[in-house]
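Labels A, B and C are assigned to the chains in the order they are written; within every chain, residues are numbered from 1.
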Amino acid sequence: MNVILIAVIVLGAIGLVSALILFLAAKKFAVHEDERIGKVAEVLPQANCGGCGFPGCSGFAGACVKAADKGSLEGLLCPVGGQPVMEKVADILGMKAEASAPKVAVVRCNGTCESRPRIAEFDGAQSCRVQQMLGSGETACAYGCLGCGDCVAACQFDAIHMNPETGLPEVDEEKCTACGACSKACPRGVIEIRLKGLKNRRVVVLCNNKDKGAVTRKACSVGCIACQKCVKVCKFEAITVDANLAHIDAEKCKLCRKCEDECPQNAIHAFNFPPRKPKAEASAAEKPAAAAKPAVPAAEKPAVNEATVPAGSPTANVEPAKEQ
Amino acid sequence: MKPIISLSPHVHGGDSVQKNMYGVCIALIPALIASLYFFGLGSAIVLATSVAACVFFEWAITRFILGRERLTICDGSAVLTGLLLGFNLPSNLPIWIIIIGALVAIGIGKLTFGGLGCNPFNPALVGRVFLLISFPVQMTSWPLSGQMGYVDAETGATPLALMKLAIKEGDTSYLDQLPSAFDMLVGQTGGSLGEVSALCLLIGCCFMLWKKIITWHIPVSILATVFVLAGIFHLIDPSYANPVQVILSGGLMLGACFMATDYVTSPMTARGQLIYGCAIGVLTVLIRDFGSYPEGMSFAILIMNGFTPLINTYVKPKRFGEVKK
Amino acid sequence: MKTFKIGGVHPAENKLSAAEPIRTAAIPKQAVFSMFQHIGAPAVPVVKKGDEVKVGTLLGEAGKGLSVPVFSSVSGKVNKVDAVLDSSGTRRMAVVVDVEGDEWLESIDRSDKLVTFKDLGTITAEEVVSRIKAAGIVGMGGATFPTGVKLMPPPGTKAEAIIVNAVECEPYLTADHRLMLEKPEQILVGIQLIKHAVNCPKAYIGIEMNKPDAIQLLTNLLKEKAAQYPGIEVVPLKVKYPQGGEKQLIDAVIGRQVPAPPALPINVGAIVQNVGTVYAIYEAVTKNKPLIERIITVTGKSVAKPSNFLARIGTPMQQLIDEAGGLPADTGKIIGGGPMMGRALMSLEVPVTKGSSGLLLMTEKESRRGEVSPCIRCAKCVSACPMGLEPYLLASYTRLKDWDGCEKNDVTSCIECGSCAFTCPSNRPLLDNIRVAKQTVMGIIKARHMEAIGKK
């Protein structure tokens, strides 16, 4: 009896003291948090990708609450959840969500193993950032994809993968949330977060090379040589050439695909367009370069090379470029 | 020519995992010869079974359960685990128990955590302690040395059992039955295969120090702590055995030189290794003198293995130019 | 025997060209002068296509902030001012000169006669520093830090010891060793000039024991002419890599440890100068010769004639290799510098720059790294690190992108000596990863700093 009593008293006393300590600690160290932050965080995707520019989803939620107190949610967007999630957030905070167009990651390099000869062999930790420290890396192009897959490792959504044949990453548009993690991970800034475009259709310069034309051409057969042809052909002033590199402004581009036909290097590609009608093929006799352009560039690569020998092949064009 | 490009350094010292692992195996050869000399056939059977089973399980599990293509049996770590496990077993242990021990050591002790480099506890000791707890009778009936057969060997009390008895009964006469320190050094005592000859183990340890496979910190700190602590106990109460005999008895030498110095499960910094070694020494003496098992080394090492990540977190090397605060 | 206290490794020395006297390399047909031959802001080209230049003509003036000028080492006509592939592996601004003849500016004294400190008369400290700056001298051990800046200690610091770095701890390289054997007195005069410039009474020459002839020669010289060269002492050091690291050398010679960045050697009263730099200082101050040549070791196990060349800056590496017996067929890696810290080059067109201490051709077999296996936590990297860091930990933090962890564990202290990767039995690319972490953490620290300034 005595033993049981002692046990009960001792354990009870320990329990009471502990409870007291816990109670005091809870009072003393209580963190007062705006309850709206928790509510907002609940509707966020909880991927903690940092695509919004804040450290994780709770950081973003805090920023939203702060912004709402100031009166506007402008400039805050969860790229993963997109518009629907922002509407929910706005509902919780009693605000109105602003519309924003969906975006997607675009790998601006088409320097496949065939088009961009390897001039050196990289040995070391398989990381683009490590290879970047060695100058231009395995190829002579100091701006293109390094092919070690830092972007793949950075993606939280399994939306970007290396294609072993081309040695380039490919974006799965269904899964891509445009969080920008891959873009930040790329030491060369090859990946652009770009407007998805009407019906997901986009026309993009698949090159990031800022060297002069002759240097680019030596390094890669499909690099932008800043010849300005696309700029001239564009009726909407959507294309600019800056630092030896053409860029198409997605907001101004009307998807006419004229630049794509014009580019002598096949650096401009159109995504998600239906296959061209036979009419276009008929005109191919006059403009061989404009012919069978594939909708998805990587898939039909060899065909393009054959079709464009007169205008786009490296051997045909290196000499005249030097003379210029 | 396509030049190879990589970041510096462009040369390598030539050290490799294999060199280290097989280096330890070579260091175990004197002890191996001693065990063959003292236990004959039994020793050969136990060691061969243990090594073969460990290598087999390493291969089978990585290949068929983990589905890894790369073979890891050549790196020598499984061979080493097998050798060390065998050294921790009595020479008359049935083969099926050895195989269970190898499965536990490799399967649970090592590959569950991801294989080489990832295991928090020394695999050989995990196997040994598992067997010790599961088969206490077989694991603690030590054949006396000098018996060459495998089965029906005559068993007897080990020095450790005598020491324990002396403490329990408070009777120093048991200590008089202990073999002399010289016999213990050379190996005229009973015990596990690898424990019998402290001298051979010391030779192996010196070889590893010479080859820079290990540093002195762990073995020296363990032996010194045990010596000092056991010495204090002996001075206070002579029913505690004298420190020289304590050091030479049981698995202490094997543990201090080969088990505690396992790369994966010991701390990374010199200071951390000293702390780790001292703690093992203290725990060993405490378990031997006050615990219910006569042998404390395995448990002490396993306990400190558990503390290794903590030591790594808090004990940092002295940084260059560190300003004293 | 003195040496630094923490860590270190012992790579095979392979000093194949130690007995080869310095040879003067031929003047190239075309020379390339990069504007990025030093740490800091690039030089700004001041010549244009078609300009005639002589040896010693200014090609690029010092840029803003930390920078030095670049001079022509050849005479001829400027071919172009354009981005050219250099040792960094990228295209950067450079001046390309087509060589015609070998005409020198008349202000340069081309004689071999030794000019002693006494001959210079009453030259002021400021005068010495300004001549060094005007000559475009940078640290010639490979770090290429502008020397003039180093010789102007910031306020509140005082130089108590000049340490001449004659360690040459990199395997294969022998340029500094040969220089000491062939120009000992010039180096001593150079040391006097540095002492004079920073008003410091004591100078030490740190030499590793693998160069006993150089130690002997300099010690004897100092004994014979003790009155002429006061306050200079040769300190023989135990052979251990990376003893030539600035911080390690200070620790080895005067036993003081420079605290973590942003502390500088001058904070413990030391100024370290490479022996090549000292020679360049001598030439600049006494002969009015800008930095247009340097000694470079061309070596490798299968190189026919490993040599030490006195080469004009801007000479293509290809030419030096041709003079050393041609490119061996089994070459796998071309390294600018030594094997421990040098840069792998992609092309032999790259020119000799102010910091090119060597050109090492490694065979294909030597070049490849071994297969990477898992970390066995052997702690060899920890005991090898001369900065007392934990390379295994930093490398795994990098893999986890835990930049906070890297910063807390002092990744910015890393001197990139490569001892960790050299010693790793698992062939893990420790330094590759640590470099990534160091770069990132430096970026984070800088951003934080900028933010703090912005808030103020």
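The rule is short, and it goes like this: a residue touches a chain if its C-beta (ideal position, glycine included) is under 8 Å from a C-beta of that chain, and two chains touch if they have at least 3 such contacts.
Values in this document were obtained by computation on a predicted structure and should not be read as measured data.
Trainee: Sort the chain pairs by how many C-beta pairs are in contact and tell me the top one.
Mentor: Pair with the most C-beta pairs in contact: B-C.
Trainee: Taking each chain's centre as the mean of its C-alpha atoms, give the chain farthest from subunit A.
Mentor: The most remote chain is B.
Trainee: For subunit B versus subunit C, what separation do you get between their C-alpha means, in angstrom?
Mentor: Each chain's C-alpha centroid was found; their separation is 49 Å.
Trainee: Could you state the distance in Å from the CA-based centre of subunit A to that of subunit C?
Mentor: 40
Trainee: Measuring centre to centre with CA averages, how many angstrom lie between subunit A and subunit B?
Mentor: Subunit A and subunit B have C-alpha centres separated by 53 Å.
Trainee: Of all residues in subunit B, which are in touch with two or more distinct other chains?
Mentor: 3-7
Trainee: Would you mind listing the residues of subunit A that make contact with two or more other chains?
Mentor: Residue numbers touching two or more other chains: 119-120, 123-124, 130, 133-134, 137.
Trainee: Which parts of subunit C, given as residue numbers and ranges, touch two or more other chains?
Mentor: Answer for subunit C, listing residues that touch two or more other chains: 89, 343-344, 346-347, 367-369, 429, 432, 435.
Trainee: What residues of subunit A sit close enough to touch subunit C in their complex?
Mentor: Checking each residue of subunit A against subunit C gives 119-120, 123-125, 127, 129-130, 133-137, 142, 211-212, 215.
Trainee: Name, in rising order, each residue of subunit B that touches subunit A in their complex.
Mentor: It comes out as residues 2-7.
Trainee: Which residues of subunit B touch subunit C once you look at their complex with the stated criterion?
Mentor: 1, 3-13, 15-17, 19-20, 75, 77, 115-118, 215, 263-264, 266-270, 273, 312, 316-323
Trainee: Considering only the defined contacts, which subunit A positions touch subunit B in the complex?
Mentor: The contact residues of subunit A facing subunit B are 118-124, 130, 133-134, 137-138.
Trainee: Please give the residue numbers of subunit C that touch subunit B in the complex, ascending.
Mentor: Against subunit B, subunit C makes touches at 6, 9, 11-12, 89, 171, 247, 251, 257-260, 263, 327, 331-335, 337, 339-347, 360, 362, 364, 366-370, 373-380, 382-383, 385-390, 392-393, 409-410, 413, 416, 418-419, 421-427, 429, 431-432, 435.
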